[in-house]
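Look at the two complexes coming up: chain A is in both, with chain B in one and chain C in the other.
Right after this comes the complex of A and B.
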């Protein structure tokens, strides 16, 4: 039997959940309690989840995806029944005593994090601008204008001016959308816009926002939808509810 | 018609990039007993990017050497 450790998925309030089902590699979920807090863990093999194993596997996209999805799956099941503070991917302790020690050490911070996210969910709002489209439209407009020589230069200038204006407008729109979302959220975080090479999306992401919203409060969704309707030229993608990943950090916010 | 806005909570499969944004870039950070010296999300993103680019390059049969 290989050495094993405890993989931590999330911290919840004791008594709100009795984790059911399985986690990574089909291992049963276990509740480790300390003074009113529960860490939901499962046993993992340290040849896979020890330092060497992790270092090796973290570069394996298929492995990373499998573990990330299993982690997210457990966190979502817990979030469905109570407040949850998800842990960062691949947080591993050697045994349950070590887990209990972490809960004790960070009790106040974890309690505050749970309080912050209780009854709230995370929503993702992204804004894309399809630059290729904008450029093509500009080109089309230009090619319809007759003329040559000096007119060509003028057209080029107009084209570049239009593109600049479109860029500025899109950047302003991203700020506006963020303001609208912030106004209807309890907390917000702007994540790095994702690289189009990673997302495979043809557009440029100008906003990658995460917003903490009370569960059952429709005003956030309505406000974002109203913005979207008012800006038919922009692409807004709303996703959620997410477990409050972006708002459960232990640093004061 | 390329600018159809996506509304509401149509939950298409959550993308891996979105997931890693959150699972590596946020969440409760407790130092476990197993410590890996990842410089955080950036390094992983860079690796993902490299891997995805190389996969795409193969698919496109780029003659790059």
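Right after this comes the complex of A and C.
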């Protein structure tokens, strides 16, 4: 029989959740408790999730996507019923005793992390600027008439100035949007703008903000919506609520 | 979402995207990866991959999640030679340079509009604002 380990998805408050359903590879979710904290885990095969397996698989984007989505799915289910502190992908202990030991060791920090996110959810606000117009302009007809080269270069220069102005305006808008969101959030984080190769979105991302917002508080959504309505030329994408991934971290006590 | 009594409305809220721009869709991979790999609670488990290799892996994923500019800022550019990640930007830059010099060459034989090409050379000093 293959060796197994405990894959940790998240820590919650004991008693607020009784994990149902399955996690990775269809294994049932198990609650491991220690002094008021619960780690939600499931059994994984160490052939796949051991050190060798992880080293091999983590370089495989398809494998990574599958595991990341499964991890996120469990965390979401837990977040829907109580405060949750998600663990980073691929946190694996050898058995439940080892999981309990981690809960004990980090008890104060985990408790503080849960307190910070309790009753709150994460919202993602992104601002994109589309380059379709610029691309259209760039696809100009090529003329062979005398002087066409100079005219072409002049046009390119004007275009580049126009583009620079547009970029500045969009950057300002991103700052404005972030300020609006921050004003209505408990905490905020600016994440790296995402690479189009991974998002598949052709626009340029100028804001990738994460905001911690009280559950049931509509003012955040309303403020962002008002901004979006006032700027019909901008593409704002709001997604949420997310489990509070960006705000559940272990901080020194 | 703290009290058991709150759990039902919260559970429903989780299925509600709020966006005028896009139809409801599952979170994209970049959104998920940047959160499950880069955020959340970090506790060392019993299973650990060689640190050096984790770092390499992280860099590789960072390149997919984070911006290429940032990586370059950090002095990381090995991806230029990674067939999976490298773009054709270098190639395009070379082609651009070649085309520009060709245009200038053509312009030099066309005295009627030489003023245009002179000022265009100053373009190289403009701020690089494109992503």
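Here is the rule we use: the second predicted complex is superposed on the first by the 225 of 253 C-alpha atoms of A that agree within 3 Å, B and C clash if a C-alpha of one lies under 4 Å from a C-alpha of the other, contacts with A are read in each partner's own complex, and residues count from 1 in each chain.
What we mean here is this: a contact is a pair of C-beta atoms (placed from the backbone, for glycine too) under 8 Å apart; a residue touches a chain by one contact, two chains touch by 3 or more.
Note that the coordinates shown come from a computational prediction; the quantities given were computed from them, not determined experimentally.
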Exercise. After the chain A overlay, clash or fit between chain B and chain C?
Worked result: clash
For this session: May I ask you to decide whether A:233 touches chain B, chain C, both, or neither, giving the answer as first, second, both or neither?
Result: first
Exercise. Touching A:81 in the superposition: chain B (first), chain C (second), both, neither?
Worked result: second
Exercise. So, A:51: does it touch chain B (first), chain C (second), both, or neither?
Worked result: both
For this session: State whether A:163 touches chain B only (first), chain C only (second), both chains, or neither.
Result: second
Problem set entry | Touched partner set for A:130, first chain B, second chain C, both or neither | first
For this session: Please determine whether it is chain B or chain C that touches the greater number of chain A residues.
Result: C
Exercise. Can you pull the chain A residues that chain B and chain C both touch?
Worked result: 5, 8, 10-11, 46, 49-51, 54-55, 58-59, 61, 64-65, 68-69, 71-72, 85-94, 98, 102, 106, 110, 113, 124, 191-192, 194-195, 197-199, 221, 225, 228, 235-242, 245-246, 248-250
Exercise. Tell me, which parts of chain A touch chain C in their complex?
Worked result: 5, 8, 10-11, 16, 46, 49-51, 54-55, 58-59, 61, 64-65, 68-69, 71-72, 76, 79-83, 85-94, 98, 102, 106, 110, 113, 118-121, 123-124, 146-147, 149-154, 156-157, 160-161, 163-164, 167-168, 191-195, 197-200, 204-205, 215-216, 221, 225, 228, 235-242, 245-246, 248-250
Seminar exercise, completed: Given the complex, residues on chain B that touch chain A span 2-9, 11, 14-30, 32-38, 44-45, 47-49, 51-53
For this session: Flag every residue of chain A that touches chain B in the complex, lowest number first.
Result: 5, 8, 10-11, 46, 49-51, 54-55, 58-59, 61, 64-65, 68-69, 71-72, 85-94, 98, 102, 106, 110, 113, 124, 130, 133, 189, 191-192, 194-195, 197-199, 208, 210, 221, 225, 228-229, 232-242, 245-250
For this session: Would you pull the chain C residues touching chain A in the complex into a rising list?
Result: 1-2, 4, 6-7, 9-11, 13-14, 17-22, 27-37, 39-50, 53, 57, 60-61, 63-68, 70, 103-104, 106-107, 110, 112-117, 119-120, 123, 126-127, 129-131
